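Think of it as A, B and C in the order they're written, each chain with its own count starting at 1.
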Amino acid sequence: APSPSACRCFAPRESRCANRSCVDASRRLLRPRRGWRVAVMHMKSPPVNSLSLDFLTEFCISLEKLEMDKSCRGLIITSSLPKVFSAGLDILEMYGKSPESCGEFWKAVQEMWLKLYSSNMVTVAAINGSSPAGGCLMSLTCDYRIMVDNPRYSIGLNETQLGIVAPFWFKDTMANTVGHRITEMALALGMLYSPAEALKIGLVDQIVPEEKLMSTAEQAMAKWLAIPAHARQLTKSMMRKPTVDRMTSKREADVQNFVSFITKDAIQNSLRVYLEMLKKRKA
Amino acid sequence: APSPSACRCFAPRESRCANRSCVDASRRLLRPRRGWRVAVMHMKSPPVNSLSLDFLTEFCISLEKLEMDKSCRGLIITSSLPKVFSAGLDILEMYGKSPESCGEFWKAVQEMWLKLYSSNMVTVAAINGSSPAGGCLMSLTCDYRIMVDNPRYSIGLNETQLGIVAPFWFKDTMANTVGHRITEMALALGMLYSPAEALKIGLVDQIVPEEKLMSTAEQAMAKWLAIPAHARQLTKSMMRKPTVDRMTSKREADVQNFVSFITKDAIQNSLRVYLEMLKKRKA
Amino acid sequence: APSPSACRCFAPRESRCANRSCVDASRRLLRPRRGWRVAVMHMKSPPVNSLSLDFLTEFCISLEKLEMDKSCRGLIITSSLPKVFSAGLDILEMYGKSPESCGEFWKAVQEMWLKLYSSNMVTVAAINGSSPAGGCLMSLTCDYRIMVDNPRYSIGLNETQLGIVAPFWFKDTMANTVGHRITEMALALGMLYSPAEALKIGLVDQIVPEEKLMSTAEQAMAKWLAIPAHARQLTKSMMRKPTVDRMTSKREADVQNFVSFITKDAIQNSLRVYLEMLKKRKA
């Protein structure tokens, strides 16, 4: 089980959360048929649900358990924290770390993507706050995305804004959702979209008022669960397997690539500048 | 020549049509230039233009004849039956049949797709009724799709609703038309779209009142035929050859895959339930 | 340095321009940061900026110089001529020429595409006039496209209208921008779009009144240049490399293919008819 330090985020370390667990998958809702269950995963790693190594490890263990539980047919992912779904990859896992640590971290990011993108469960992202970078990626792996219609929230793969680069499988996942051209411009400019803009380009499927988020997610889930499971799963696999295969075949090279990129002096410097900017903004 | 039994459909067998031929390609209209002709294929296999083995065989023979007729430059496909364009693959060809029969049937489905998707003629679908599953596929192979704007009609690849799965080349054909994400969701949920919805996502190119369908199809045909034929054909081949090649290279495996899937007890059971539902609905 | 004959176009040869250079890259504007520059390339090869061998050669040399100039971060491409951005490939390079000449010409077209599509600079097309065929291709290689909102101007890959065929890498570039289906129909019909239509399908990113074109291009440039250069360049390469690699791996075959196609009697005849039509229209 992850220690309290699991809940690192890219805010100053002092603000680590004190929760024993960053992911709460205990609540169950909806019983669409006798013996079926849908899990709701509430991410709660204050202050901003950063995807640290510990968070990702715990997340993947939870996911694996749900996947093996034959009665669990669906998963809704949402946040317990105000205003943020997930702030994305924990920059503290990439800044000032050894190549070995960076590599281990990256493997955990890959693992999360692989497990979510090829899940046999129906997966719905109930996006109740901002969702940049890795948070957007997490949403993109789901079968369906519903976002709270609050113009203060934003979503997108904004890596270039930080001087880093979304890897090819982030890109593939986004292109599978919004097409090649929008992905090209969004990644180049590191664009963050408001919920209304995200809906317009197809980055999310639906936007709703905050108070209707979970009921809408449940309705969407019911619709997806009404389809015979084996047919739905085979179809999902057919749609996503080429993208998954491409990543797994290049997985080791992708780790090497990430490590050699992120440990460069220039990149470490960019991250330092970004972290200092965050600290100042907080103060 | 196909026997009267050619016109099986997935309604009870008693309702087999008594026509000698399911496909009527005899009428010609439009003579865009001296010596040029456009064929109109009126599908008439009551009650719902199901794609049975006999229907497909006859359809492919007609198509081959037109293809070899150098004066025939265009083909408009429409239905002679009220309210339905084509109900798609004939379930009676897949239910309670030997693996050999199922395999033979599937080869005929492949053949129809190959011939239509790589036709040298300009092909226009004049969709004057509902067009689920195989009926939608047939429309998707055409160069241009016009649908009657009647909200009672619907179109889509709804295979998962029946517990079966659209194969990869159905998926490729749809993704080539409406993109990856819409295809992913449409196939997973087995979605059927109204004409207005189909237009919005690009599943059809135009919607018109019933009485304007054929004149609109003729206008579209004239526009396509105005382009130098060899340039248009080379362009069509460039756009579609990768998809066609992918299918032909996996054709045998695709037959094996279909046969082993469709002859499973669970799938046969799904089909039985569906057929009984249809019978009840009729009664 | 190119001779005055550099400025051939597909209008009658008498109208060759008398400028010593078809491309004017001398003006610089915007200095987004100390030591940074943005080049503006004004195409001026009267009457219609046709892409002749000499034009392409000069264009590529200019581009190479800018690419090697580390202080030059961006390139805006526009036209000095009224009403036309570029009329596309110079038909006089393909009509009545030896196979060797045709091959040399085609290699220059490939070279222009390769250099532009994989440029490390931010490239913005400021489309201030019609932009058919090769002119449209040139625009499509840029990172961002802004077109003057004048309904008399049009843009598109209209090759089939002339009886010729856009090669696979023209097609790939367009499909990367507007998707497979729109490309299929646009290429088959040789469609030319008004600025408003082009915006709607995503063929251009923005339309503006003529007098706001350059200031809008500068604003777009500033936005792209605000992104850390290495991250933006790596992202651009990730998005475009598969398309570039596909072309380079088939480059020699593509030349052979073009030469054997264009030197056919039937095609030469189509070009002759087209040239005579242009002459008459002018007279």
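Everything below uses one rule, namely that contacts are C-beta pairs under 8 Å (C-beta built on N, C-alpha and C of every residue); 3 or more make two chains touch, one makes a residue touch a chain.
None of these values were measured; they are calculated from a predicted model.
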Interface sides of chain A and chain B: same vs different residues, half threshold: different
Equivalent-chain rotation between chain C and chain B, CA atoms, steps of 5 degrees: 120
Distance between the centres, which are taken as Cα means, of chain B and chain A, whole angstrom: 40
Residue numbers of chain B (touch at least two other chains): 179
Touching residues on chain C, where the partner in the complex is chain B: 159-166, 168, 171, 179-181, 183-185, 187-190, 266, 270
Of chain A, residues touching chain B in the complex: 143-144, 175-179, 202, 205, 223-224, 227-228, 230-232, 234-236, 238-240
